[in-house]
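Here chain A shows up in two complexes: once beside chain B, once beside chain C.
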Partner chain A sequence: MTDLERHAYDVLVIGAGGSGLRAAIEAREAGLRVAIVCKSLFGKAHTVMAEGGIAASMGNSNPHDNWQVHFGDTMRGGKFLNNPRMAELHAKEAPRRVWELETYGALFDRTPEGKISQRNFGGHEYARLAHVGDRTGLELIRTLQQKIVSLQQEDEREFGDAEARLKVFMELTITELMHDGGAPDGPVSGAFGYWRESGRFVLFDAPAVVLATGGIGKSFKVTSNSWEYTGDGHALALRAGAKLINMEFVQFHPTGMVWPPSVKGILVTESVRGDGGVLRNSEGKRFMFEYVPEVFRGQYATTEEEADGWYEDPEHNKRPPELLPRDEVARAINSEVKEGRGSEHGGVFLDVSTRLPADEIKRRLPSMHHQFLELADVDITAQPMEVGPTCHYVMGGIEVDPDTGASSVPGLFAVGEVTGGMHGSNRLGGNSLGDLLVFGQRTGAGAAAYAAAASKDRPTVIDASIDAVTATAEEPFQREGGESPYTLHQELQQVMNDLVGIIRREPEMQEALDKLADIRERAAHLSVEGRRQFNPGWHLALDLRNMLQVSECVARSALERQESRGGHTREDFPGMDAKWRSVNLACHLDPATGMVQLTRQQVPTIRDDLMHLFERSELEKYFTTEELADFQDVRQGEDDQS
Partner chain B sequence: MTYDGHFRVWRGDDGGELVDYTVEVNEGEVVLDIIHRLQATQTPDLAVRWNCKAGKCGSCSAEINGHPRLMCMTRMSIFEEADTITVTPMRTFPVIRDLVTDVSYNYEKARQIPAFEPPADLEPGEYRMAQVDVGRSQEFRKCIECFLCQDVCHVIRDHEDNKAAYAGPRFFIRAAELAMHPLDARNDRATFARDQQGVGLCNITKCCTEVCPENITITDNAIIPMKERVVDRHYDPLVWLGNKIRRREH
Partner chain C sequence: MSVDAPSKKPIAEAVEVPTFQITLRIERYNPEFDTESHYEDYEVTVHGTDRVLDALHTIKWDMDGSLSFRRSCAHGVCGSDAMRINGKNRLACKTLVKDVNPDKPITIEPIKGLPVEKDLIVDMEPFFDSYREIMPFLVTTGHEPTHERIQSQADKDRFDDTTKCILCAACTSSCPVFWNDGQYFGPAAIVNAHRFIFDSRDEAGDQRLQILNDKEGVWRCRTVFNCTEACPRGIEVTKAIAEVKRAIITRRV
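Moving on to the complex of A and B:
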């Protein structure tokens, strides 16, 4: 066997974004030995890019806010396909998790009374997002990073070794999960990977493994996501025998940069609209008024006067349609451009310059100001931005138990963007960062409890499994004359972008599946030059396998769902169909063939007390008559505190 | 607006060399785009760090024509088409390969600073701070840990042996951030900066401030106040410890 570095821990957390770090803190505080592994340097995970804020109904900006309202908004945003227990836990626990960050040293922007300031965001009834300018993710990750350092300092004092119970392995990629005794359907027993720097192989023995690997955006050409987003966790879970749900739901953020080409896709935060920015087409028209869908009629302003009044006086005015959930705004922009009312570079105009004084823009949106000035020569305090949809977030992911983060595979846990269910068919802005914290804490506790129970009889990794995964990792070097991974990756991105993108049609998705099969075949023969030491070509070759598996899940699920809902829009089935509301599409790998299989399962039922947070008239827009047969409006009392 | 650009890129480790390349350059591109094009077309094993491509993560630090910069925020339009653009790894840190350096020094220094100490008398949710008071520390919390300031600081750039005793500008602002945090329960941040971080070795050249891509006024707003605090225990604390002290009086 190749020379192999080996480590044993109680809990192995794969991913150092907000969710992985929060889970690791929890498991370490439970007294266990924890390892964190990440592909980039510590502190550079995707979470660092989050801009707008963390949704939590602290009620600092509007005392009417509470968890029930937040729960309702989350369900509406996800078009009632959400796992209701996840949405409930998230809405209830997010405030606690945000306040806890202050005890770690976080410094959020403040209200005049000195509380945490909260900003408006699409789909949220009240100003709800705790934020730091437009760099909230940086604050979140730095705070958690510094908390981890403080735990290491405790260990330094207690054991003379800062890494006694919590160690970060950075620039290390996990390529496969291991099973107890090599049994493919048994509990997990660890993970295998390589140091990016040296190419040296590493094995982690651990009874509990937490996947916190983030999303899949790098399978699409136009995306706000970084190279890390190759769907590794999704694919690792699939190969380990877990299920992925809701993979057809991919969020296209309405506002990505469109010009110059090299920055196409980079995010323009929703805060621009939350703080007053408006969308106009090439005719100068604020077109969003035309696109308020039936289910949201009555909740959004119908005139510019009313919409503008809302920023100052939300009690007496309805919210501007620019703040509809992201799927609605992205489709609207797509239509405007398609009908010839787009900007020069194929976007629309987002203007905040005529809405706020220059100083205020620089204070509230400093990194947007900087980003446009530096990369596009646009001064957003004086000029409109050109924006268009960009692939941003995947709602689908590993199916987990809401309370503990456990997947269906014993010992395997998941948290953050890599999980499915919480956001249903469409995620509201700010609900991801909340998700990371709430379920990070829960999953850390869940994995710790599992690992503690497993400590007497630890699962094992057998040599045959190590040999097999080592061989797979080395394969690309064994071949000569094959295609380059870069070429195949570009093709994959083009296929997903053009054929399984924001608007979908049956024949195109069929074509996509054929093309994916073709790329998969060619990828099996690709070759890589050089050695294992810091070799990006090799890294991409290994990531490509994950991207292909995950892309197939997206395409198959999208083809199957014959309706439009949230992040899934079918031109051939444009309406939302109540019969589909209760259907989750689940992907797993057929153990015999290794191919992606699709099954249908029931969306978990919404508890009665949660159902009664809505009026029948609203539920009728989403549910079938049979589902509502026993439902009657009850008058909600004033005391809806919990 | 496409042309062939001339690049010289560092290849190999500390004993490596500059290699010449001719690469296509398109309108609106940044240096990182060119490095990526090199990877995709000529040098598939060229090692480089990056993540966000939008100046937010601080991964893509390098020296471009000798200046410490983020590759993703360096527009090609600032150069002439005929220029040869030299891209080298950060000089202050050991080179691992090509443009990738070993920045573990910074993580070690980060671990030496005592963490934020929460106030004993406040529960989560009870923290109250005024925007003007958090604003000072927030400036330092904009830091994306690109370590360009560390790279440019001559105290360690030119004197390897200073590294043990010197934390560098990135960590002086961390100390200042905690010192100015309205609710941090410790009051030995400045003494720590002097005794443990070696702030005394800094001779205020301001090079760090000049290269900071986040425009953090490292020298004036963090280092100088920390030095003054060390020199003169009576440095007017209300100016920068304002709320911390006021809160205790109530």
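Moving on to the complex of A and C:
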């Protein structure tokens, strides 16, 4: 490989969203040499689109809030399928990570006393989301970007080289992870990829690799996700021998734009509802009162009066049902539309115009105001928005050790949306930005410790491995007359959207698997014109392989799980089944055939002290009788139920 | 609540959006084959509600897969798809075709003043270099992340406007001074300096003002207002630059 560019680092972070940057900062502050690789320009990653805020139980809005309440909300939101250790660490450490972000320079909206203002969000008992207007993700990523620039300028002063210990390789795509000595089941030893601009191949030698690549939404037609979300990290991990868990759980955000067609799927922040917005059907009815499921009865208001009273007096009123977890709201909207009570363009109405004064709407939701005015010609201070579900987030991902982010493959770490477990079957809004910071810090530390220990005997990349991955990357150019990657991608999105979407049925998922096999076969023969220099067709051809593998994991897991829970709704198995609560479905690639295999494993047990944060009467809604045989109500700490 | 109950058509496809033909005249450049750029015309059928980005996607997906441009979030938050549309810097994802005189060919060119890499993609490094020059990070001492730091809403509001920047380079690459003088920091870097100079928590204001008092700093600005007009986030860029100028004079570094 004469034109191969080669770099050696201690820690290689793939992905420059919130989790990747936070991990990189931690590893660099541990004194290691760190490379960050990203597909986009630095600072444009998907985190930028997060609008609502960072969930952290700082208690600024309500002094009753604490990590135990946040933990409980997270578990309820995930329908108790969460990895409890992850939910615990997240709830405990999120406040400190927010304060830390503030020391990095982050800006937040303020309470009258000058504290960080916290906003209401679905599934959170108290107003808990630290935010700045509706651009919290932009502020988060800009702050981390700024922190990295400051660390680089420190290095410039110390070593005369700003990139001595932290370098960002932007517009570079990783196509494969490398293994020590080429042994497919050995530790990772680096990663291989290409510069998007020149097409030149690049090899990174690194004993520790952190996957922070985000989600998979670009496999679906209607999605709020950006072009980067092609499941790269999920697929890289699979091919490197790691396991993906919970892949059947895909979050459809209840409120995406539905009109006009060019912007269908673009997110409408949950803050609209958190700040008072309500959902109505074509009959003008606030339909969410009809959709409070059994497990949440008693926690949500039953009348409009009570719901409206909650915004001012949460102590004496129950929460409006518009603020149920996202899976519940998305299903409700889907039902209303299906039963003919939808809006003109196939959504429902989200109205904040009759709920807040125009000035207040513009102050709290400036981006939404612009977005609708500019793209849909709708003034949200005077008219309702039309909204419907959009593919937003994947709960499933790489199985990792909660404390360190280590996967089952030595040297391979993962953090953020690309991991599974933290959010169980459904993620609460605001818990993603917290996830990025909490586990970014932990995984950065975990990878740094591993890399430091491996520094004496660094794993190696052998030439045969490089030749093999180079050949795979160049394959699309070797063929002529094949189909266009754009055509295949559009077909894939349609299949996933229509057959493995928000409501699932066995025959449709079988059909989806057949179609995925067909697309996979055709993708093996697709061809790309031109050469490697900034060739978007070639880039998509390589991303398509990842999307196909990940989509198959989603479809296989969804077919297997015969119940409805969180982000997985089966029309043929509409109820939640306690027997399935303790089951994680895990995907791996069969080493011999390279095909996706599915196994069942136990959801990690919830520690006793954490179990006792709940009352038996609530646990009975989720757990089997046998699981609760030894459980007795011993209330610890203060009452966390309002 | 006065929702006008519309006709019950639950399926989006039930509503037809009118389509029309437009011509996009795109400046193309492929460094592998071309010594200089040239323009190519594309006839595209678009919906009345489509954005310029949708038209570019149609070309890329259905007509010419080699067309290269950056885009990411596709709704004006990430700042990847700034380009010159009929001579004005805009984000393609926030510009409706119907608003840019579609009866005539719509000209699409890369933003000016930065080296073109391919088609609509420019080298952003010089832009980020200027950004890094102004120390774009909070400088503060003695604040540990064990508790929060009080800041009043009024102090926060003082620099709120300039924190909206998405680093898309629309302002900097619309500035005639920047076109003619590659050394000028440009409006985006000054906006990002403003964000810290006026942050009550920051301790490096004097240092930043000194940097911007440099010969390639704020005094190059001739108050043309192109930057304010170009900003897709509605930041009052020229005003921010004027505030920095005033701060240099009054604080006197």
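We take it that the second predicted complex is superposed on the first by the 635 of 642 C-alpha atoms of A that agree within 3 Å, B and C clash if a C-alpha of one lies under 4 Å from a C-alpha of the other, contacts with A are read in each partner's own complex, and residues count from 1 in each chain.
Just so it is clear, a residue touches a chain if its C-beta (ideal position, glycine included) is under 8 Å from a C-beta of that chain, and two chains touch if they have at least 3 such contacts.
These numbers come from a predicted model, not from an experiment.
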When chain B and chain C are modelled together on chain A, clash or fit: clash
First (chain B), second (chain C), both or neither touched by A:D313: neither
Chain A residues touched - chain C or chain B, whichever exceeds: C
Touching partner for A:E305 - first (chain B), second (chain C), both, neither: neither
First (chain B), second (chain C), both or neither touched by A:E294: neither
Partner chain(s) touched by A:Q371 [first = chain B, second = chain C, both, neither]: both
First (chain B), second (chain C), both or neither touched by A:D359: neither
On chain A, the residue positions that both chain B and chain C contact, one per complex: 40-44, 46, 48-49, 58, 96, 99-100, 102-105, 107-110, 113-115, 132, 135, 138-139, 142, 146-147, 149-150, 152-153, 197, 226-228, 259-263, 266, 367, 370-371, 374-376, 484, 486, 490, 528-531, 533-537
Chain B residues touching chain A - in the complex, by the definition given at the top: 26-30, 33, 39-40, 44-59, 73, 75, 96-98, 100, 103, 107, 110-111, 114-116, 118, 124-125, 127-131, 134, 137-138, 141-145, 178, 181, 184
Of chain A, residues touching chain B in the complex: 40-44, 46, 48-49, 58, 95-96, 99-100, 102-105, 107-110, 113-115, 117, 132-133, 135, 138-139, 142, 146-147, 149-150, 152-153, 162, 197, 226-228, 259-263, 266-267, 367, 370-371, 374-376, 484-486, 490, 528-531, 533-538
Partner chain A, residues of chain C touching it in the complex: 1-3, 5-12, 14-15, 17, 30-32, 47, 49-51, 54, 60-62, 65-68, 70-80, 94, 96, 117-119, 121, 124, 128, 132, 135-138, 140, 143-153, 156, 159-160, 163-164, 166-167, 196, 199, 201-202, 234
Residues on chain A engaged by chain C in the complex (per definition of touch): 40-46, 48-49, 58, 60, 96-105, 107-116, 132, 135, 137-139, 142, 146-147, 149-150, 152-153, 197, 226-228, 258-264, 266, 278, 280, 282-284, 337-338, 340-346, 349, 351, 354, 367, 370-371, 374-376, 384, 484, 486, 490, 528-531, 533-537
